[in-house]
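Multiple structures follow.
There are two complexes below, and they share chain A, which is joined by chain B in the first and by chain C in the second.
Right after this comes the complex of A and B.
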């Protein structure tokens, strides 16, 4: 039987909110988060990502990540960090015309309390400088807790608009 | 029912350019495009590239695309392929005329019908050239810097495809 992509939760932001939380992870399946047309209220912001435990974002210093940052206008670069308070795995975007973040994340082992939780990211963003930029990489949350979802916000200010959807990859 | 909905399947042969039109609609904001079995007569080491098609069915070939592609070679170092104000977005590296080689490519298209935003792409591909004993994988991001409504996608090459199969899915969001 072919696998299916089953919607678990969604949030469409049309008036500013501080963050979006998508919950409903309750199995060891792989989950996917799709984000489109995500725009901040403040200029020069990047989407920060946290796991949720019983619906509450975890902001402890347990987030490691690494990515290749591809750029349409100049040489690519690498990004990485350890022991952060969130995954900072998206590119900066802004409030200028047509600036937004679009991307996909895959979530692994979130439900499993015996293993760390992992994420991969691929995104295509028009930055606050009006350039094309996108990260390809991943991260780990170095805690053996059971995570039921994901929380997305900007570092400062609100999410002005965007659609965020959590899917499960089911048999 | 899966939220990944197959909305179009197109097969083409003996053409240098294939467009799938009137496939992006307001029903979906994100689409998954699969390109399979891109067999080519000639053109080892050249590229099959991507353009978008407006809602009138015309291929957009103006200098309105930016792209950045990480090119990962099995037998050589990695490369960076990027451009601003290009007339296309980079696709799959073509192989040779062996019946066994070829490759595959998956593209995600964001916001094609939204006339208040640009259209963004994610792409990844893998292909093999028997003549060169070379596998090339790509990861590409792209944007069409226009708020024109987009109805479809175009793949093209300087030589004819022997055969190609394209499947397009919409990622359904149930509110």
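Right after this comes the complex of A and C.
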């Protein structure tokens, strides 16, 4: 079936780990990462995202991003930064009841060694303050390298639980 | 106010105490490599630095309340001859001080 999503890799965290890596990007197609019910071990954490090269996360200062923060309880705001060591596009979440991050990332040009790698992000989070926040934005990894996957973690502490799946597009 | 170097030492001690740490690669659970541990120290130190230097910004944004609510406070201050909005802002700033 043309346009069908096919699962490339998945990780279900049921016992806490510090990071999750999904690899298997080996074509110039657009890929998608789905994150479901991602919960940190420590309160007030946001997911940080890095590209992987040959399975190893790249933590150089080549991550730029910008996003809109749509908040259910107060005025919308914006976030942006350049030359960071990861993308910080998601909302802070916590360890309270029903607090988690859920979202989709689309990955562009990852396999192409002569182009920058781009992501778009849309997410829905119950924050560490118990409020609804949805972010929408994008990021670029400003290095012309071939990236084979994505690495996700919190800046502090473990990922307590969550499901992470990398999809490709079947032609 | 801690320096970044001091926070790196603090972060290294915390990561050492937290060992072993694990990563999940395509659903396979593996212990961190030396490089992973080194990156975890860097990330933790940077997080502590950002919280120390810039954490007050998000804390103030959360505590100020919406623009609509603040405008409503200003309106009723005008009507009632009170100073509640300024007192609210003063409290938020005092509770979340900007680092020196």
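What we mean here is this: the second predicted complex is superposed on the first by the 170 of 171 C-alpha atoms of A that agree within 3 Å, B and C clash if a C-alpha of one lies under 4 Å from a C-alpha of the other, contacts with A are read in each partner's own complex, and residues count from 1 in each chain.
In the analysis below, contacts are C-beta pairs under 8 Å (C-beta built on N, C-alpha and C of every residue); 3 or more make two chains touch, one makes a residue touch a chain.
For clarity, every value in this text was computed on a predicted model and none was experimentally measured.
J.: Based on the shared chain A superposition, would you classify chain B and chain C as clashing or fitting together?
T.: Here chain B and chain C can both sit on chain A without a clash.
J.: Applying the touch criterion given at the start, work out whether A:129 contacts chain B, chain C, both or neither, answering first, second, both or neither.
T.: A:129: touches chain C, not chain B.
J.: Just to be sure I read the superposition right, which of the two partners does A:155 touch: chain B = first, chain C = second, or both, or neither?
T.: second
J.: After the superposition on A, what does A:144 contact: first (chain B), second (chain C), both or neither?
T.: neither
J.: After superposition on the shared chain, which partner residues are touched by A:85: those of chain B (first), chain C (second), both, or neither?
T.: It touches chain C, and chain B stays clear.
J.: Just chain B (first), just chain C (second), both, or neither: which does A:10 touch?
T.: A:10: touches chain B and chain C.
J.: Looking at A:22 after the superposition, I want to know if it touches chain B, chain C, both of them or none. Which is it: first, second, both, neither?
T.: second
J.: First (chain B), second (chain C), both or neither: which does A:75 touch?
T.: After superposition on chain A, A:75 lies in contact with both partners, chain B and chain C.
J.: What is the C-alpha-centre angle with chain A at the apex and chain B, chain C at the ends, nearest 10 degrees?
T.: One gets 100 degrees for this angle.
J.: Looking at A:59 after the superposition, I want to know if it touches chain B, chain C, both of them or none. Which is it: first, second, both, neither?
T.: second
J.: Between chain B and chain C, what is the tightest CA to CA spacing in Å in the combined model?
T.: Superposition on chain A places chain B and chain C at a least C-alpha distance of 9 Å.
J.: After overlaying the two complexes on chain A, where does the chain B footprint on chain A coincide with the chain C footprint?
T.: 10, 12, 73-75
J.: What part of chain A is in contact with chain C in the complex they form?
T.: 9-13, 15-24, 48, 55-57, 59, 73-75, 77, 85-86, 92, 129, 153, 155-156, 158
J.: Note which residues of chain C are touching chain A in the complex, please.
T.: Those residues of chain C that touch chain A are 21-27, 29, 32, 35-36, 39-40, 42-44, 46-47, 58, 61-62, 65-68.
J.: Residues of chain A touching chain B in their complex?
T.: Chain A reaches chain B through residues 2-7, 10, 12, 34, 36-37, 68, 70-76, 98, 100, 102-104, 122-126, 131-134, 136, 163, 165, 167.
J.: Going by the contact rule at the top, pick out the chain B residues touching chain A in the complex.
T.: It comes out as residues 1-4, 29-30, 66-70, 80, 82-84, 108, 110-111, 114, 117-118, 120-122, 124, 139-143, 145, 147, 171-175.
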